[in-house]
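Here is the structure we will look at.
Read from first to last, the chains carry the letters A, B, C and D; within each, the first residue is number 1.
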Amino acid sequence: MPNKSRFLRVPVEPFAVTPDLAAGEMLARMEKISFQGRNLATARRIWEKMLGDDCTIFLGMAGALSAGGMRLVVAYLLEHRYVDCLVSTGANLYHDLHETRGRHHYVGSPRENDAALQADHIDRVYDTYASEDEFVDNDEWIAAFVMTLDRRPYTSREFLYRLGEHLWKETGRHGILTAAYRASVPIFCPAISDSSIGMGLSQARHRDSAAGLIDVIGDIIESANLVIRHPRTASVVLGGGTPKNFINQASVQAEFYDDRVGGHRYALQIVTDVPHFGGASGSSLEEAQSWGKLATDAEQVTVHADVTVVLPLLVSALTASAEQTIGAREPHRFDLSGSPMSMDGRAFPQSRFEARGK
Amino acid sequence: MPNKSRFLRVPVEPFAVTPDLAAGEMLARMEKISFQGRNLATARRIWEKMLGDDCTIFLGMAGALSAGGMRLVVAYLLEHRYVDCLVSTGANLYHDLHETRGRHHYVGSPRENDAALQADHIDRVYDTYASEDEFVDNDEWIAAFVMTLDRRPYTSREFLYRLGEHLWKETGRHGILTAAYRASVPIFCPAISDSSIGMGLSQARHRDSAAGLIDVIGDIIESANLVIRHPRTASVVLGGGTPKNFINQASVQAEFYDDRVGGHRYALQIVTDVPHFGGASGSSLEEAQSWGKLATDAEQVTVHADVTVVLPLLVSALTASAEQTIGAREPHRFDLSGSPMSMDGRAFPQSRFEARGK
Amino acid sequence: MPNKSRFLRVPVEPFAVTPDLAAGEMLARMEKISFQGRNLATARRIWEKMLGDDCTIFLGMAGALSAGGMRLVVAYLLEHRYVDCLVSTGANLYHDLHETRGRHHYVGSPRENDAALQADHIDRVYDTYASEDEFVDNDEWIAAFVMTLDRRPYTSREFLYRLGEHLWKETGRHGILTAAYRASVPIFCPAISDSSIGMGLSQARHRDSAAGLIDVIGDIIESANLVIRHPRTASVVLGGGTPKNFINQASVQAEFYDDRVGGHRYALQIVTDVPHFGGASGSSLEEAQSWGKLATDAEQVTVHADVTVVLPLLVSALTASAEQTIGAREPHRFDLSGSPMSMDGRAFPQSRFEARGK
Amino acid sequence: MPNKSRFLRVPVEPFAVTPDLAAGEMLARMEKISFQGRNLATARRIWEKMLGDDCTIFLGMAGALSAGGMRLVVAYLLEHRYVDCLVSTGANLYHDLHETRGRHHYVGSPRENDAALQADHIDRVYDTYASEDEFVDNDEWIAAFVMTLDRRPYTSREFLYRLGEHLWKETGRHGILTAAYRASVPIFCPAISDSSIGMGLSQARHRDSAAGLIDVIGDIIESANLVIRHPRTASVVLGGGTPKNFINQASVQAEFYDDRVGGHRYALQIVTDVPHFGGASGSSLEEAQSWGKLATDAEQVTVHADVTVVLPLLVSALTASAEQTIGAREPHRFDLSGSPMSMDGRAFPQSRFEARGK
């Protein structure tokens, strides 16, 4: 066995146990193991590169992450600008609002009798409970807020900025919506009608037929303009769903109007779905390259894992090793108070793609 | 071993091979086997019960089912009123439109080089290809159609009815959108902005700032009114996603305004996601009962399988055994040409829930 | 769009509904759809090719397929020589024996209270029940049979042949073990000690320290000699597990002693595991090519599905379309009564690989 | 909302980010989140309880964990007696031997061309490579060692003890087999014939028909005697497979001979398989209670995750918080040099269950 194959270059290094190892070193040791452990370590490195490479970083968030205890991790990422734009399902924003309003989700069991829960007005999300009565109160709170808005269409982005503002002023509490408001990080919610936030909006409409109009098509334009204005982008996806596709769509739609756009430069996704059933949530990042959603030379990694198992470790490690990078980072500045929003001091055009090359 | 336990009542009967067995008998034999095979057989029986029990049946559709060859199965279900209302992702309607316009998806490989595909303008969906240039042409076709519409908000339901009408008049071809138009089956698309249909709408907006306004909040009201008008409902879910939740939300929102509503009476879902990661796509139907999305005494079954593997068999068997039931069925009549739509000759209220009990 | 890309050759053809469609035509229509539905249709074609191409076909069987109602499908495949050799987990053979002895598994529920089941001596396999008392009786029956055997090592292959013979003579009933006995199809059980058959063997040992000696290393030699004698092989794997690897190992071990062996020529697997966690059950057939377990030009397909959902359809279709091929097939003849077994009239060498080229 | 439901007792506490958080505190914070993150934190607590409660702890190990970089974690657990008995697949022991002999596995890619790998004699395990030539050399090394053994049946337990001894004496290197040898921790390998260790054994048999006889039925007796001798047991399962079932079988078989045995008192499993396909790898711990494999009041948890992603964190945290417990623990002492082995100074009976109550 004189000459080793070119394929045998970097040995797997078995993970060595050290009691109470810190997150940063843990992921450093996991870079040389295999399977999803290695992928998680790679995710940290790729995220660090995004931060050091003048990218606009999109964060997608699907699955019951807020109810499941991840909302302050996401808030931290927004506040410290580890990401620049959030795309979320409505449920995650609603469950965030629920806790920011001072209520709780509760530790439960996946094997409880659901008829008994229903009798007690308890809504179950796998192993987590919430009070339906408190949810009804949230819906009413949202409807009442919506009644204070102008009788005109709002993009989900503008609406959520106003919602975060209202929530912050009323509660002064930390969470996703309030952190995004305070850090001026835009939030898009493409499927807002498929959530209790949408239900609150519909209850305002019930009172006033001119209230509660959300312009989700306007969101497509604004999100694409974000890419056109600065075509160097990156994508961090938690859980798949509509946020994953919406982030990719922003790049595809932007490229239609500006040929400097060539797909995200970096991408990482943490998903539990698999590619072989054809759904978008589980689709591979290689597949995204065929569409031009991702540059063909992009650095990318997929971690096949439940977000609640890996995000605490990933972010604990990232915030350690990326400290200097994040200190040196000069993120784009957004002013979200207008319609349309502005970026680095210049507003996006009204109802138009910031067309350039095409 | 004299007295058998009460748990040992119905023996598993091993599946007996008969060459070229027909679908109906195949599922009949599968009722007494185990695991997902039994669940698939149960799904047929539950669907038959829905059809015989004066239910409004919602069909949810997520995952790349149209691109994957399932669009004429869905069109058949709409045309013959095996279901009464479709809730879909935008992608499934877009890929349907693509084929109805005479183009194709193509048999491909999941292991092709994606950079080569991108160079050839080929978009890949796992093992299936499509021409990006044809997609761009679809987007333009949609944008041109949108320009012909009134400059007012359309619910996705009304918009998709008009789109189906236009598509039928231009092509005369069979598909989901055209079958829904001809059979007056409403289609809701809560996440329409997260799809190429949304991209087409945004391109119309780019030309005229008053064009392309989709009122997804109005969809919440109209879908809930469908339930309020006839609270006996059932749910058939293919693949999870926003359609699954939107169908359940319609019931929850309706119950808020009418206490005769008590959740779907029957439910079946075919999903590949699992419950234990907490996401809605994989959530169990038991969990739905805690929320009141599903009646606590509802008959329900989950089939853990890829839709493309089981739907052909399920529908081939159902259409055989339910022939008489479907012949006797008198489905609700919808008039979708108005805003709002009407059901059984009576229009839903404008921008309001058809509130009754609360 | 004048010239189509070379990637766009074969259009997806949407599945067209015909009530009560027969299995053969159903899979024929599924060849042009996508995802796992297409893979299932491809599996039928590849199995047909195996049958027409002078291959020794190995069938692997893991997961609770016998308890789950698949045992007569497997028995059919052995009896009609759709396969030539079975590799199984012990549990599948044990549950087959249980039913062949006239007992049953029972239709149950995955949500039953397991403490209540334990109190009633009911063993649960997901949604299927069995009587623990009947299982204890089986163990004793096996132990008593073992006591009648010679006090010498038996390969699992020889032992299972004798067990099938005894079972046939006592019951005259159809099943996997009895069909294999009658059709002289060898069965290997590499993990026999991890099953209730192993427990029965250990109970014989408890009575006589010279009883119950199974020579699983001898199985490696005999299975490799099967490949060496006729290096053209194929693999049909249901569920992964030890059978999947053992079938591949037979080819790898054979190649070590005979360089005419070059991996299976055809392979199909129906698995629910996925490749990205690194386990053998979910490993891809491409990966198998790196090891030489599978020829690099082999025709192969993976169907990601529960076996109980797809095997009835696959076999119902195969037995229709392959009727002529199976009629013309001249399978290898085994005499399993000896130690070692013989193939086509010639015994394998005793305790040796039938070494040739190396 | 005056009185809270009894279901709403323990609030979910969102995970708070601290840069470079240590493992122990990370899992402490994860106890109050949801889904698999919470389950992982629970796994640490349950393992701690096992350690403090005079249990014999079985560790099961399946999937390519040694090749994937987990072998020194397992070796640590054996050396420091976080577990008392290992049940493993053959591949994990073989890959451990490979590295202990000074060779490596290598960081690779799941998308490499497998024909190119085969041409270079590289075997791929998902994203990890190994040299086939080095593997062939291992097989020969094992065969040569087997030739030095007595010409009598060895249980896999005794054989692996001798193999570990030989490996330690030749290499002096740390690994699973050598740590088990030095710490006198028994290893069982029920499916040894389905592995390259089995292949090495078969190659010794090829040279001498009396060599390489492994008595896997004897393993059943010895593993059950471990439980009979001290019926308080616990189970830690990594990845499912034959080890998972074999550990449970030991308890079931023991109970048959001694009615003081009542199933494991604690159980944790880290698996990627799911229950609903009926296979043993994914089966729930509730299901295990119906069989009596697990006491009905046992503390148990399932973590649905890839072992490589969670084991480093779990063990890093456990070894911190359980330091005192492990210091106070007085594990059972095994002497593995005999046939049969002895426990706490007293040998197990020869070829018999240590029957007592029945």
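To be clear about the criterion, a contact is a pair of C-beta atoms (placed from the backbone, for glycine too) under 8 Å apart; a residue touches a chain by one contact, two chains touch by 3 or more.
No experiment lies behind these values; they were computed from the predicted model shown.
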B-C or B-D, whichever has more C-beta pairs in contact: B-C
Furthest chain, CA centroid comparison against chain B: D
Counterpart interface for A-C, drawn from C-D, B-D or A-B and sharing over half of its contact pairs: B-D
Separation of mean Cα positions, chain B and chain A [Å, integer]: 27
Whole-Å separation of chain centres (CA-atom averages), chain B against chain C: 38
Inter-centroid spacing, chain D versus chain B (mean Cα positions, whole Å): 45
Overlap residues in chain B, where contacts from two or more other chains coincide: 34-36, 64, 67-68, 117, 122, 125-128, 274, 276-278, 286, 304, 306, 308
Category of the chain touch graph - line, ring, star, complete, other: complete
Complex contacts: residues of chain A adjacent to chain B: 62-64, 67-68, 91, 110, 114-115, 117-118, 122-128, 132, 136, 139, 153, 190-195, 198-199, 201-203, 205-206, 209, 212-221, 224, 239, 241-242, 245-246, 249, 252-253, 256, 272-281, 283, 286-287, 289-292, 296, 306, 308, 350-353, 355
Touching residues (chain side chain B, partner chain D) in the complex: 34-36, 274, 276-278, 304
Partner chain C, residues of chain B touching it in the complex: 1, 4-24, 26, 29-30, 32-38, 40, 64, 67-73, 76, 99, 104-108, 111-112, 117, 120-122, 125-129, 131, 133-134, 137, 286, 303-306, 308-313, 315-317, 319-320, 323
